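After this come two complexes, each holding chain A, first together with chain B and then together with chain C.
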Partner chain A sequence: MMLLSLTPWIPAGLDLRMFAPELALIATIVAVLVVPLVLGRSGRTAAFISLIGALATFLLTWRAVAGQVVERGYAGLSPDPQATMLVADNFSVFFKLFLSAFLALIIGLWLLRPANGRGAAGVHGGSAGPEFFVLLLSSALGMALMVGTLNLLVMVIAIEMASLPSYALVGSDKRSRPGAEASLKYVLFGAATSSIMVYGLSLIYGAFGTLDIAGIAGKLAGQSVSLGWVPAIGFFALCVGIAFKISAVPFHFWCPDVFEGAPIEVTTWLSVASKAAGLGLLLRIVYALSTAVGGAAWLTPFAWGIGLVAAVTCTVGNLAALRQDSVKRMLAYSSIAHAGYMMMAAAIFTQAGQGQFMSIGLAAVIAYLMVYFVMNLGAFGVTALVSWRTGTDHISAFTGLGRRAPALALPMAVCLFSLIGLPPLGGFAAKWWLLLALGKAAIAAQPWLWGLVIVAVINTAISLYYYVRVIRQMYLCEDERQSAVPAPLGGVVLVNVCAVALLLLGTLLIDKLGNYSTYYASNLLVTQPTAPATATVEPSAEPVVMAPVNESK
Partner chain B sequence: MLTIGLTHYLILAAFMFCCGLYVMTIKRNAVGILIGVELILNAASLNLVAFSRYKTGLLDGQIVALFVIVLAAAEAAIAIAIFVNYYNNLATIDVDRGDSLNG
Partner chain C sequence: MSNLLNYVIFLPPLGALLCLVMPTRQLVKMVAVATTGVTLLLSLTMFQDFAWWQGDIFGPAYGDGLKYVSQVPWIWVSKDTAIQYFVGMDGLSFPLVILTTLVTFLACLASWNIEEWKNNRGIKGYFALFLLLETGMLGVFTALDFFLFYVFWEVMLLPMYFLIGVWGGPRKEYAAIKFFIYTLAGSVLMLVALVAFYFYAPEGHRTFDLIKMAKDPAIQSAFSSATFLWGLKFAPVMFVFLYIAFAVKVPVFPFHTWLPDAHVEAPTPISMILAGILLKMGAYGLFRISYPILPGAAVWAAYALALLGVVNIIYGALCAMAQTDFKRLVAYSSISHMGYVLLGMAIMTPAGFQGAMFQVIAHGISSPMCFFLVGVIYDRAHHREINRFGGLWLSMPIYGSLATLGFFASLGLPGLCGFIGEIWVLLATFSAPFTWAKPVAVAAAFGVILSAAYILWMIQRVYLGPRREEYANFPEATAREVFILTPFAVLAIALGILPQQTAFNFMNGTLEQITRIVAENGPKFAAMITGG
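Let's turn to the complex of A and B:
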């Protein structure tokens, strides 16, 4: 960081263009705050403005930035060209597309909420004020920044920017007692872990004299034997903060309570977007460090640690999901388990000269995230539609849904089968690639990764039980007292589109999914912002990379 | 005569960190936990300023410390708003009383 130079630093216009999506999100936040002053406070107006903003962000990323990233190679924004602060590479472009598409769908889900469901007694009261959307958009901005940076300070600020609005979102229904309790637990856990993370940041700064990951990696490249005490504690403390975002064991306690107490749109948002951003951050740090250091001895315990946490996370998530009667809570534990599966890819560390395994792992996680996006949206969407109508998300509300609302039960079943990972659905393809990536790395370099493959397979078998339990309740249990479940047309269309998309992702679009994920995992910015393909870019064994001509979702 | 150096600051910061961790684990009052969090954040700020003064000689550590102060303020603002909301619903800020979601 060149903070002592006296001439002010002004970024070039072309560089700023690369960050048009973030700027669009900021503009939307301002618009949502200002427009109610003119048009009057209305949740629906704010929702439509945010929807337009989210779609604009998506289009800007897709049309303006994605092409530029390919054309110009890397782009980084910082006063010092050697130490990039904001990054626009394929990986961050993917996350911006992912987040803005999901943001638009979440706002869509909010718009579908029936008027009598808003503020009704119980768990499902929502907030109708424009503040809800300000908070939602700013957490989206924080998540987009989390994945798009190579500076630890910006990472911490981005994590806080994503977390602070989320705390408030969880408690956005002020009359809801579970909501108040959930937000209290969330804010206390979040504040505690983030303070530890900031302390770790200060130790890392002391040990390396810089907060830039490229700079840290450069200094680490000389140390192949041991890491030293202070940076080790620093990295550990940093991982605490990231583990909280991913809800990895043992920092997962907040997750089920928060997911149960929050309004269901917020639950859906946090279960996918927040975890995806945390995983992206973890993968970027791991990738940058292991590429620069390449097979140092001290990386092995680090990789073991991540692998162990991933294995424990998905086991604990699955075992705890077994005894849940609330479908929302069951899906919360299932999201912990899925975060565990995805975290396994972060345990693939490059040995010297084997960067391609890391790329395959990244591609597998990106494919998994795309599929997870669709199946979680579908499952939470059906749960939302059922619970808005019946007033509860207890599993008994799903009894006989196959007869009462076939248009909801079928997509729910498809999404749950996909969450298990059964062919021919998208969930199978995603899990298969993940295991394949682990297996390839296990054969080549790290035999202990087979352990993770075994854990993942056993966990899939465990998860079968609780997902199928819901399906059984929907199709095999009959309860004559319960009436039909009418649902808004938009909601029915949304969940059915999710189900069809899952079917396509597992069959016809499977090649496309593979190509896109390989593409977005390529050309990760690691050290030099302006240099073209450095040693880190390895053509992987996957099919040929294609330009993103259309969107795969 | 004793000259105060980097080590002294680091030990003080580590002590503050441990105090913060202790307060966070022992307190059942939400405001108490928040005070523990603030202690840890201040320990981090002290570390940053000390490292910046004695080790790197650059200003960036001190600027990071400014960011940490702002983060602490933002976090406290959100946290206290949530405490008030919790108090309105449960008439207490004892975290153990919130047991309707059994986690």
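Let's turn to the complex of A and C:
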């Protein structure tokens, strides 16, 4: 085992360059910690440094790494070329772009928060100290690692790296009782699920003697009949840990309380980034496993399980959201529902030898995430701007907003309609690519996926009610309080840009959305077959820029 | 001039944008009326290409006679298949497009007194949404790509929700959300069909093109032989999904409850659009998608569909008879009259299809007229209790005459438009080649009596009788109101007297082509469905 070898290992510079974004995040964390020693403690300074760091991460990923990935194919960082610890490929490039862009916008949202006056708990607040940003950046780093690994140990480290700062972020407003309660709930839930996950990993390690998913998949490739109880429990426990991050039912109970209690920037961050990272990890595992052993009989219950959890997750999320009066809490449940929709794509298991289906599920999720990014940012952005001003995120704060603040109400309406998934908005485009992916897989190999299609569309109709409740409050209800809601110009621009982007994504850019997502889902690092190569499949048959260069490693 | 149709579809949103930047209320209204007016005129110029008196306008087979076609790839779904921006018109679309532009223009004029509605809401938003709605409706009637059809279908929902919800009556919020949820719940099932239609076609034939789906034998046989989930046959499942989507709009009996609420709460012009055009979208969807693409399932379901049609006719009429709210009565009469459309379609003979389509047009003329007639007295009396009215004809003679004409047209008096549609459907049902046809026709014929009963009784209570003090000094219909009612009245008479020249000749060719598709493929595929 190379892991246990005592010879020191120094990664090659060229390999390290592929991980410049992570290094940039680490550098930013250090800078945020060190700079206050010189300039004094200031939230704004820390925010600006973090913003620069986030943008630098984005640019590095975009300009340097993305090109490298295209040039070199995918790359792994590991002392053992057969078992990579960290992965840089199109998929992780997408998630790093996604996370760093969202990080920058979250910091931007924090900067928009009015400095004066602290109102109701959970609405105002958020630590002004640099440590807030250290935590935020650390969780971003953890999420970036989550989507860039195929090693179980790194997975644990990444998940903890993403979770531990999040616990503290949720309780970062020290004067907020709901915040503290939410934080505690989050910790307890997180601790329980991650201990289950670590236990599962120990079983997997015991069964296969390796921590590398690729290696495990290679060993499994020979087993087409049954999996055995020990690894089955191990995989199940692994899924529990991931389900917690995605807030899939029945591991979703933390989500509404945490989202309601946390400062709204943190809620926004967790609702999008944390779920995206969890989904990325899940998809990568599913993808790696099904590539190696696609079509094996024992994979079917695994696919069924994910499909079932996805269906239940979106149904439960939508039904629970129907009764919420806090807009923040309603959006929390809605994020559970959307996680369910996205998880459906993870139930698309490839069949060995059917290369063209390899990446459609991934592409669908990537497309969905891109849209989800925009619509959640817009919806939470407006909620933040309204609740900062009125002191509450109760639905009554939105009464008559169509008149009191048309520049906020209209983008909110657009975002909510998009969250429902109505054309011609981005949410429909996202749902469309998802349904198309499900349909494609259903017709090819898994007809039961039509059931998921039906569940998804029926949920669309259910979700209509609670999203429209907010719209009704904004436009249909008479406003007894005539006061206008002034908002900072930056905030108004931000949410309106989101609305315009959604309109474009749903009309002129549907095609582009599909293209980009297909591209980022192609050319992935998959299994390095170590066992008899019974089920080796080329990474992708979709049009790719360049064939992977496996030999270089 | 091939872009003419695109101009017609996308002129209204431009007008909507213009409305939003107009400085005064008067200008907003003028822009809106001008936009709908120009749209109407542009659509009227299309008669030059549908001039049946100059020769065949339909082409030999379904899809050959399309006019004003625009076809541009939009979204590439696979390497060789794209969702298209594909619009065009044949005998099915053309009358409905004209109806849409006409009713929208008149409804826009009917909105002229928006300041008097006393709900103190902005008028820019109203007219902008109103124009957006027109685009959605025109898009539905002209889209020939299933995806595009679906997008337009949904696009029309949002403005309607706000138009009812913001500018509606006392229970507007309830009515608006009910309308929204019912329609969306139906249309998401259409979304399943949209995806499934694409994938169930054999590879190499996959398309979203509605014409191609109906004509490609490979797709047709694949649809008829495939199974969907849990061993259920593909074609009937899809037919049911689509039927629910369209039935909510028509509305068919168990899915109809949104309609009376929406009508009662909606402002008069929106009721006109709702009754005159929106309900027709359901019927159009059945004509355009369900019957040509799933003929086997249509034959398989014919009896059930006919029964639902009869239930609609009788149940709607009985409900209408029990109403004391004037607008609710007209709303239920819409349900009753749309039953003839369903019945005619279920028969699937040329006469049945023609009768159904004629009834669509006829109802598209008579029902907006009736709703406007109700609106006129509501503007004066501010209530709609039928039993509190009486003797209105005495104080408003011109209005009273037009009202009688409008309600008689709706009733189906010979010589007016409603008669032709109903009698055509009934005759087709009597002569239909089904064992169940004659009893069904007898049952449906009772609907005629019932509708005569509730309309005559209503006329007696509202317009006839002794002059009542509180309504004695009601002002006569204004010039604007008469101007709105006149085109409806003229058309009601013209369609009743010259049905062949004013309606049938514009659409029969296409309907025959659809009938042929159904007759050729229907029984054969239906045998595959029932035979397993």
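One rule holds in what follows: the second predicted complex is superposed on the first by the 511 of 553 C-alpha atoms of A that agree within 3 Å, B and C clash if a C-alpha of one lies under 4 Å from a C-alpha of the other, contacts with A are read in each partner's own complex, and residues count from 1 in each chain.
To be clear about the criterion, a contact is a pair of C-beta atoms (placed from the backbone, for glycine too) under 8 Å apart; a residue touches a chain by one contact, two chains touch by 3 or more.
All of these numbers come straight from a predicted model, not from anything done at the bench.
A.B. asks: Have a look and say if chain B or chain C is in touch with more residues of chain A.
C.D. replies: For chain A, the partner with the higher number of touched residues is B.
A.B. asks: Regarding the shared-chain residue A:P447, is it in contact with chain B (first), chain C (second), both, or neither?
C.D. replies: Once the two structures are laid over each other on A, A:P447 reaches chain C alone.
A.B. asks: Applying the document's definition of touch, where does A:K185 land relative to chain B and chain C: first, second, both, or neither?
C.D. replies: First partner only.
A.B. asks: With both complexes superposed on chain A, which partner does A:W304 reach: first (chain B), second (chain C), both or neither?
C.D. replies: Neither partner.
A.B. asks: For A:Y475, using the defined touch cut-off, is the partner it touches chain B, chain C, both, or neither? Pick first, second, both or neither.
C.D. replies: second
A.B. asks: Quick one: classify A:L201 as touching chain B (first), chain C (second), both or neither.
C.D. replies: First partner only.
A.B. asks: So in the superposed three-chain picture, is A:F236 touching just chain B, just chain C, both, or none of them (first/second/both/neither)?
C.D. replies: In the superposed model, A:F236 contacts neither chain B nor chain C.
A.B. asks: Go through the superposed model and pick first if A:A461 touches only chain B, second if only chain C, both, or neither.
C.D. replies: second
A.B. asks: Please indicate which partner A:E160 is in contact with in the superposed arrangement: first for chain B, second for chain C, both, or neither.
C.D. replies: first
A.B. asks: Looking at the overlay, what does A:P423 touch: chain B (first), chain C (second), both, or neither?
C.D. replies: The second partner, chain C, only.
A.B. asks: For chain A, give the residues common to its interface with chain B and its interface with chain C.
C.D. replies: Touching chain B in the first complex and chain C in the second, no residue of chain A appears in both lists.
A.B. asks: Can you list the chain C residues touching chain A in their complex?
C.D. replies: For chain C paired with chain A, touching residues are 74-77, 150-151, 154-155, 157-158, 161-162, 165-166, 172-173, 176-177, 180-181, 184-185, 188-189, 191-192, 195-196, 198-200, 228-229.
A.B. asks: Going by the contact rule set out above, which residues of chain A touch chain B in the complex?
C.D. replies: Within the complex, chain A touches chain B at residues 1, 3-4, 153, 156-157, 160, 164, 167-168, 171, 174-178, 180-185, 187-188, 191-192, 194-196, 198-199, 201-203, 205-206, 209-211, 253-254, 256-257, 260-261.
A.B. asks: State the interface residues of chain B toward chain A in the complex, per the touch definition above.
C.D. replies: So the residues of chain B touching chain A come out as 10, 13, 17, 20, 24, 30, 33-34, 36-38, 40-41, 43-45, 47-48, 50-52, 55-56, 58-61, 63-64, 67-68, 71, 74-75, 78-79, 81-83, 85-86, 88-90, 95, 98, 100-101, 103.
A.B. asks: Under the definition above, what is the set of chain A residues touching chain C in their complex?
C.D. replies: Its residues touching chain C are 417, 420, 422-424, 428, 435-436, 438-440, 442-443, 447-448, 450-451, 453-454, 457-458, 460-461, 464-465, 468, 472, 475-477, 510-511, 514-515.
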